[in-house]
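Below are structures written as structure tokens.
You will see chain A twice below: alongside chain B first, and alongside chain C after that.
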Partner chain A sequence: MSPRVRPRPRVPDELPELPPHLRPAGRVLDARLHLLDRQILDVEDVPVTTLDDLHVSYADGDDDVTSGDRPAFVDQVLTGPVLVTRVFGGRPPASRLVRIPWSDVVDVGVAVRLGVRGEGLDATWVQRWLRDRVIGRIPGGRHDPE
Partner chain B sequence: MILSDLVDAAVYEDGRQLGFVVDVRLALDGPVTGLMAAPRIVGLLVSARTSTSFMGYERTGTNAPAVIARYLAYRHRGTFLVLWEDVRTVGGGDAAGSADARVELRPGFRRWSAALEQHGTASQA
Partner chain C sequence: MKRLLGVALGVLTAIGGFLDIGDLVTNSVVGSRFGMTLTWAVVLGVIGICLFAQMAGRVTAVSGRATFEIIRERLGPRTAGANLVASFLINLLTLTAEIGGLALALQLASSVEPRLWVPVAAFAVWVVVWRAKFSVLENVTGLLGLTLLVFTFSVVLLDPDWAHLVHTAAAPQIPASEGAASYFYYAIALFGAAMTPYEVFFFSSGAVEEKWGPKDVSQSRLNVLIGFPLGALLSLSIAAGATLVFLPQQIEVSTLSQVVAPVAEAGGKVALAFVLVGIVAAVFGASLETTLSSGYTIAQFFGWSWGKFRRPSQAPGFHVVMILGLLVGAGVLMTDVDPIRVTEFSVVFSAIALPLTYLPILLVANDREYMGDQVNGRVLNGFALVFLVLIVVASVAAIPLMVATGAGA
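This part shows the complex of A and B:
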């Protein structure tokens, strides 16, 4: 069933103002607003891919996060072939998502910046394959335009 | 867990539906494994009316264009932050947008303001 047709609770027009929560020690981000769909740039500002999802686990590495009993952390940035599933619904299997460890991330702003070169990441293997196997076989395809 | 399992999930307290998860609030105060601290889940933003959000109007205090801002403020009225500690169970869905995705809150959980300014977020993002 589409989320758009799920039953929704009634909400009164006027609601009391809620108290603010104490500010955490670190910078605050909303995942959907500040991270998802952002472009990922490598250490040389070369676009690598987009941030399609985030992997969450407990501090001990257990990724079976089923309750808020323990603090949960983002440990990986996920990217992959999500265009088709966004149009038709669902999500690609976890095995199809490429994982970039959060330890490679050095800045979050308009784009997400990595501290490593994109050339060595699994996320760029399609581009590398096309470059080496297709573009490189076209005459003139192995050097910059003159 | 993949974050998409949480976003868009239906939220319940003691069997009563409260709304849908529109976003997940993170704080960069987790373990430092590289140059940045790992984002810790602070809580879930729950909207009673809709599981979608448009540019965070309901959280950022943006008031222009006025017509859109007022419409979105009305549409997202009652949006609140619930702390991660108050989440009793997460589960039931295995795909983003699954109607079965479900978050159960602890009885007596507390609602907090969803506003980002009060959390002092960076403005450039």
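This part shows the complex of A and C:
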């Protein structure tokens, strides 16, 4: 059983009854169209990562949402090795997922904006490592261009 | 003056795209073998790149999103990844050729063996990418590249039979000495060179570097409409010079020194000095454009921080990619490959990269979430669709023609 449900449209054999509020007054986000593969910016508009995948679970934290009998919620944005498995198939172990809690997201537009700084997030560790070990050590690396 | 410098991005993009080392030689080869009969391919190419670069610039100015972010968002990781690999390889091959071209141009000026110039050229490109502001880089290379207009003046000085030149350009016929396959191979090479994807990556990312907003859409249009036709004029001038000097004598151009020969014949040493400055500037500009594009595409695909308006330490992945690209390019050149042959292989990768680059731009330029009321009009969409078909045809035909003609031989 997959803990993550791909937001891919499935065509069931028999169409279920349509949900009662087909056109709610609020904004409807299609996970595939409006969320997946959008740029994520931090609170200072610095790029953090691309939204590589989403984690969906029930309100009680159970993330086996395949039964679909209760409303499920997007609770995490995923990045890191999950990109490789989205290209080549398969699923990384849960310990390898790099997560950003959905509670950090403040706005969804042509980019997904976070209300926190990207600096402290796990999602930017590769960049931090490259900065501290490589780029920051080359002369001029920490100065503004002239 | 500010307004004039405002088009520097377009001029640099176009000079880097139309007059990189491969194009300098290809245009000259085409002139010496086919005369002006392939003018239509350059004209089609410039119309196509104007359409799509303008669209990409407008999308970036209105939505703030650069082209490869859009490609990733619209095509998903798998298809966008295929485009990334193809585009990155085109970039790397072109970058390699440019550094080799810089070394060849410096050899023309100094008579020092080109392989000794390669590390110097690669290091110079890196220093500029590492330390110089974006505006300095585009203004200096853009303005110095304008000295290439000496190609156009030398065509006038050679006093050609204008009626004949225009006639061969307007009513093209495949020359009797050449086969149809080679003719169309070069047509695709010219069209593809005009539409190389790194131009839109660079142009749209440059719009972010220059902090264009929705108010700058007209600026973007001006850049495109001045820059790219200027690039086309220069490449046609090179072809015309070669047509006048080499075609009657049946000499086929194969070296950079032959490319500048028509200028030397028309204007003497002074013109030659100008053209060398222009070539070094244009090729240096193309090196910067391809180096930056390799960083832009990878960083935008993965969503990393990028841009020259940031300190290198604030865009570390972006700078690491560019350093590795330059090291690989310089390393390949040390094996003594012919830099000009290197670009010809990028045609193969264009087959994947061209349609997968221009389709998402067209889709997003019609998306109201991104563009608000600045979406494409119907006429623009009509033309864009026609060109998308042309792009697909060219990219499908490129590889068979390359094999059939032995890369145009």
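We take it that the second predicted complex is superposed on the first by the 107 of 146 C-alpha atoms of A that agree within 3 Å, B and C clash if a C-alpha of one lies under 4 Å from a C-alpha of the other, contacts with A are read in each partner's own complex, and residues count from 1 in each chain.
We take it that contacts are C-beta pairs under 8 Å (C-beta built on N, C-alpha and C of every residue); 3 or more make two chains touch, one makes a residue touch a chain.
Since the model is a prediction, treat every value here as computed from it, not as a measurement.
With both structures placed on the common chain, the touch criterion links A:I138 to chain C but leaves chain B unconnected.
By the document's definition of touching, both partners, chain B and chain C, reach A:V110.
Applying the stated contact rule after C-alpha superposition, one finds that A:V126 touches chain C and leaves chain B untouched. Of the two partner chains placed by the overlay, only chain B lies in contact with A:L29; chain C stays clear of it. Counting the residues of chain A that each partner touches, chain B and chain C differ, and the larger count belongs to B.
Touch criterion met: A:G90 reaches chain B, while chain C stays clear of it. Overlap of the chain B and chain C interfaces on chain A comprises residues 34, 36, 109-110. By the touch criterion stated above, chain A contacts chain C in their complex at residues 34, 36-40, 46-52, 79, 83, 86-87, 109-111, 118, 126-128, 130-131, 134-136, 138, 140-146. Of all residues in chain C, only 63-65, 69, 72-73, 76-78, 80-81, 130-134, 136, 299-306, 308-309, 311-314, 316-317, 319-320, 369-370 touch chain A in the complex they form. Taken in their complex, chain A has these residues touching chain B: 1-3, 6-9, 11-13, 15, 17-21, 23-36, 53-57, 59, 63-68, 71-75, 78, 85, 89-91, 94, 97, 101-110, 115.
If you check the complex, the residues on chain B that touch chain A are 1-4, 6-8, 10, 16-20, 22-31, 33-43, 45, 48-51, 53, 55-56, 59, 74, 77-78, 80-81, 83-91, 95-97, 99, 111-116, 118-122, 124-125.
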